[in-house]
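The first chain written gets the first letter, and so on, giving A, B, C and D; residue counts start at 1 in each chain.
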Amino acid sequence: MIDLQGERSPQGMALARVGVSDLSYPIRVQAAPNVVQATIGRFEMAVRLQADERGTHMSRFVEFVHGSSAPYAADTVGTRLKQLAERLGSQRAFLDVSFPLFFPRKAPVSGAEGLLDVSCRLRGEIQEGNACVTMIVRVPVTSLCPCSKAISDYGAHNQRGYVTIETELATADTALHFAELVVLAEGAGSSPVYPLLKRPDERFVTMAAYDKPMFVEDMARHVAKALASDARVGRYRVHAENLESIHSHSAFAEAASE
Amino acid sequence: MIDLQGERSPQGMALARVGVSDLSYPIRVQAAPNVVQATIGRFEMAVRLQADERGTHMSRFVEFVHGSSAPYAADTVGTRLKQLAERLGSQRAFLDVSFPLFFPRKAPVSGAEGLLDVSCRLRGEIQEGNACVTMIVRVPVTSLCPCSKAISDYGAHNQRGYVTIETELATADTALHFAELVVLAEGAGSSPVYPLLKRPDERFVTMAAYDKPMFVEDMARHVAKALASDARVGRYRVHAENLESIHSHSAFAEAASE
Amino acid sequence: MIDLQGERSPQGMALARVGVSDLSYPIRVQAAPNVVQATIGRFEMAVRLQADERGTHMSRFVEFVHGSSAPYAADTVGTRLKQLAERLGSQRAFLDVSFPLFFPRKAPVSGAEGLLDVSCRLRGEIQEGNACVTMIVRVPVTSLCPCSKAISDYGAHNQRGYVTIETELATADTALHFAELVVLAEGAGSSPVYPLLKRPDERFVTMAAYDKPMFVEDMARHVAKALASDARVGRYRVHAENLESIHSHSAFAEAASE
Amino acid sequence: MIDLQGERSPQGMALARVGVSDLSYPIRVQAAPNVVQATIGRFEMAVRLQADERGTHMSRFVEFVHGSSAPYAADTVGTRLKQLAERLGSQRAFLDVSFPLFFPRKAPVSGAEGLLDVSCRLRGEIQEGNACVTMIVRVPVTSLCPCSKAISDYGAHNQRGYVTIETELATADTALHFAELVVLAEGAGSSPVYPLLKRPDERFVTMAAYDKPMFVEDMARHVAKALASDARVGRYRVHAENLESIHSHSAFAEAASE
């Protein structure tokens, strides 16, 4: 049967990335040192295409995901990328997978337990054998506005915010866990949010947030400082966003390594 | 040229609705008595298909939108539906169009002006000449939790919420305007949200919200009472939702006529 | 501690639904007779609120989801609803949960296996002890246009489409499985879509679709006929939609019982 | 009144970007040399924040959008950025605005006219007076698979695809119009898509697509070659994506300058 993708390309131009996207698959992910979770991954995978190749073999990307039952973890993405590059016959390969993880959280007074839903993502790239891996978490927090508190006789506007941490591993086999990044992000707000709060907890959280007002700028800096002093972290970007309760738009701040 | 859609259907089953969806088109909308706005509509349109018709003529729906330059308004949807039913040769026709409208709002102290973004929608159905038209607005507000205020020594959690009003017109040519529904929804929260606030405004809004704590249940009831006593309103549904600042899920309440 | 939600309501209006939405939680679902899958559910839950109750206890909805480890299945939703109504002290309760399920599919010639991603949903309502349960699947298919084939000398436009089946169970404990509804929907298109196809499979699928052209109207009727003759099915609605390859909007058809 | 944002920051870390996002506003855009369209913009705006500044003044971003009635165009973004940087007192400013534009298209045989909906975006950055501006269009096309055509006795799978062109202007005042980029993208598929097609047009488009099979790789290269030889274009990225009709995931290819 004819193999057009395998044809010599008449166009003589390399392509940076060729692959599949919007592929959903059930996967398992290493969320913390001894915790593996079943979740659903949304995949984008690609390889570089040489100038003289007309196309890639798209079905091999799906086979690659289907054939792998090992848990996804930041420190094994390098190995996966090497296999993907080999399977597709390319010098360069890309893997990007997004998935929710759930972290048990106890309410601060009652101790009532629930699961906190966090959007997570692993992104990696290999080029001639050198892998670069990025971990991303997007964590909900409560933020209370310092300006509103300072200028008002009583009250202070607050809202749900999201702290997004995007961090490269210093080396492709560094042991950094999603659970650690989530805790770091939760500490950046005026208070963590909780899946489940009883009335005494609600009282606690209300006053805790009032006692710790934070601008988006403060939140981004708080996380960035911690990342900057962690030897396991390479380049990073921190994005703090407030779904402003007094506006219908958001306010945000970003800190990045340089 | 063969016309398969016009064929007799061998399947002998009427179809409730056949048409097009996800069609975007620039339109003009009557937002208030003397205010017509240019905006972008997202359309779904359909007709009923008889048991002996195999298919409808999809291109006529697009022609119908393309050929109409008059502003969209609740009290002219009936006429549009009659034309759509005729054009498609059906006894029953449906029109559903969603679009943002922008309402000028002044900050409460400084008077600084900006535009409030509101998701709006017109939905109508005609059956043997009788049209039923529904107007929908989804309006952002601030809500402050009465429970949190009552049980805490200071502070109170608050957040952005959305009040959605869905109301049928008592008769197809009733003059009810989006601008009126928006004002009604804004009054249901602890405070309206504003596109633009300077510091003295922020102080005002912070304290105003603290002075008027509202549950989602209170917000839904507030709006429902007003609708129930408005003779221009037929059946209605009110949905109030809080993007809880202390959780990553929402709380909601719905009031409905009958 | 004060319990404002438990207060008598001064507003004297019952609320149709009060609860939580946008709550994500890991769950297990009965996909087929002997198949239970781990997946992620997106929940909306609510109860009716009496005229003299000011508010409901939102945290109990989260406790309800957190405390349940049994697999979700259509025929056990009734029992869950009864428990939810009791826990919240209401005569009427609502549960709506959406989640992806994955079904193994073999390519038609090579037999290469992959997992087909299907959006599924369970929705139920109980009123004074009587539960009504609805199952929903949204299944991707290939559809090839009969008109395009008939009027062209060669070729025929085709595209990805989605067949959505929404069906009430005839009785709350009927044994109807998501896997059955998915197979029914897949048979409605010009061809099923596959997670993984090698070149001989692609040839097979291309010709199979050309041999079985289907309008959205045909697809909706095909499924509706099967549902109408299945004693386990109560009321139903079938929605067939094509992401038209020759337009940037969609075409759709809906068949409904009655 | 206290100005906390204006405080010296105790944290001593510059922030790459601080501003507002998810702000919707009605705007006018220069779509082609003599064509200005009313549309709805979705804004993200930011400035760099010095290490010794605690916060920025978020309300000024909204004032900036509210106060500007001139049409948005690629060659005036530089001027806007300069004003934004000055207004916020920063050396560096960012503007990113997304909006739909509508381009009139005639069906190829009947000449029936409709409007093609295209997602567009302007993104700019200024640093010490030097602006860099990027234009983005995402254009729907039809693509027919060369492999499917070559290996099948009849038929060929095809689908809706999207060609996204992202191009920097060679200089900040280059006159490059969205309309030109849209035409370039439309030419990359097997056929353009049309808002409105009558039966003779559908026959034409069906056969035209069959006569010009294109992989995503071919589409990306086609556009990239044209951009590479256009002196007005600086760095660029082309993304071609197919909503595969035989899968429920997408295939994509990206070409980039350098």
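To be clear about the criterion, contacts are C-beta pairs under 8 Å (C-beta built on N, C-alpha and C of every residue); 3 or more make two chains touch, one makes a residue touch a chain.
Bear in mind that the values here come from a model prediction, so they are computed numbers and not experimental data.
> Common contacts of chain B and chain C?
In this structure, the chains that contact chain C and also chain B are A, D.
> Of the other chains, whose C-alpha centre is the longest way from the centre of chain C?
Measuring from the centre of chain C, the most distant chain centre belongs to D.
> What's the distance between the Cα centroids of chain C and chain D, rounded to whole Å?
About 35 Å, centre to centre.
> Just curious, how far off is chain C from chain A if you go by their C-alpha centres, in Å?
29
> With centres defined as the mean C-alpha position, give me the chain A-chain D separation in Å.
About 25 Å, centre to centre.
> Give the residues of chain B touching no fewer than two other chains, as numbers and ranges.
1, 23-24, 62, 117, 147, 151, 195, 197, 199, 203, 248-249
> Taking the complex as given, what residues does chain D use to touch chain A?
Its residues touching chain A are 1-2, 4-5, 9, 11, 13, 15-24, 46, 49, 54-56, 58, 62, 146-147, 150-151, 215-218, 220-222, 224-225, 237, 241, 248-256.
> Mind listing the chain C positions that touch chain A in their complex?
For this pair, the touching residues of chain C are 1, 3, 23-26, 37-40, 59, 62-63, 66, 100, 102, 112-115, 117, 195-200, 203.
> Which residues of chain B touch chain A in their complex?
Those residues of chain B that touch chain A are 116-117, 140, 142, 144-145, 147-148, 151-160, 191, 193-195, 197, 199, 202-203, 205-207, 209-210, 243-249.
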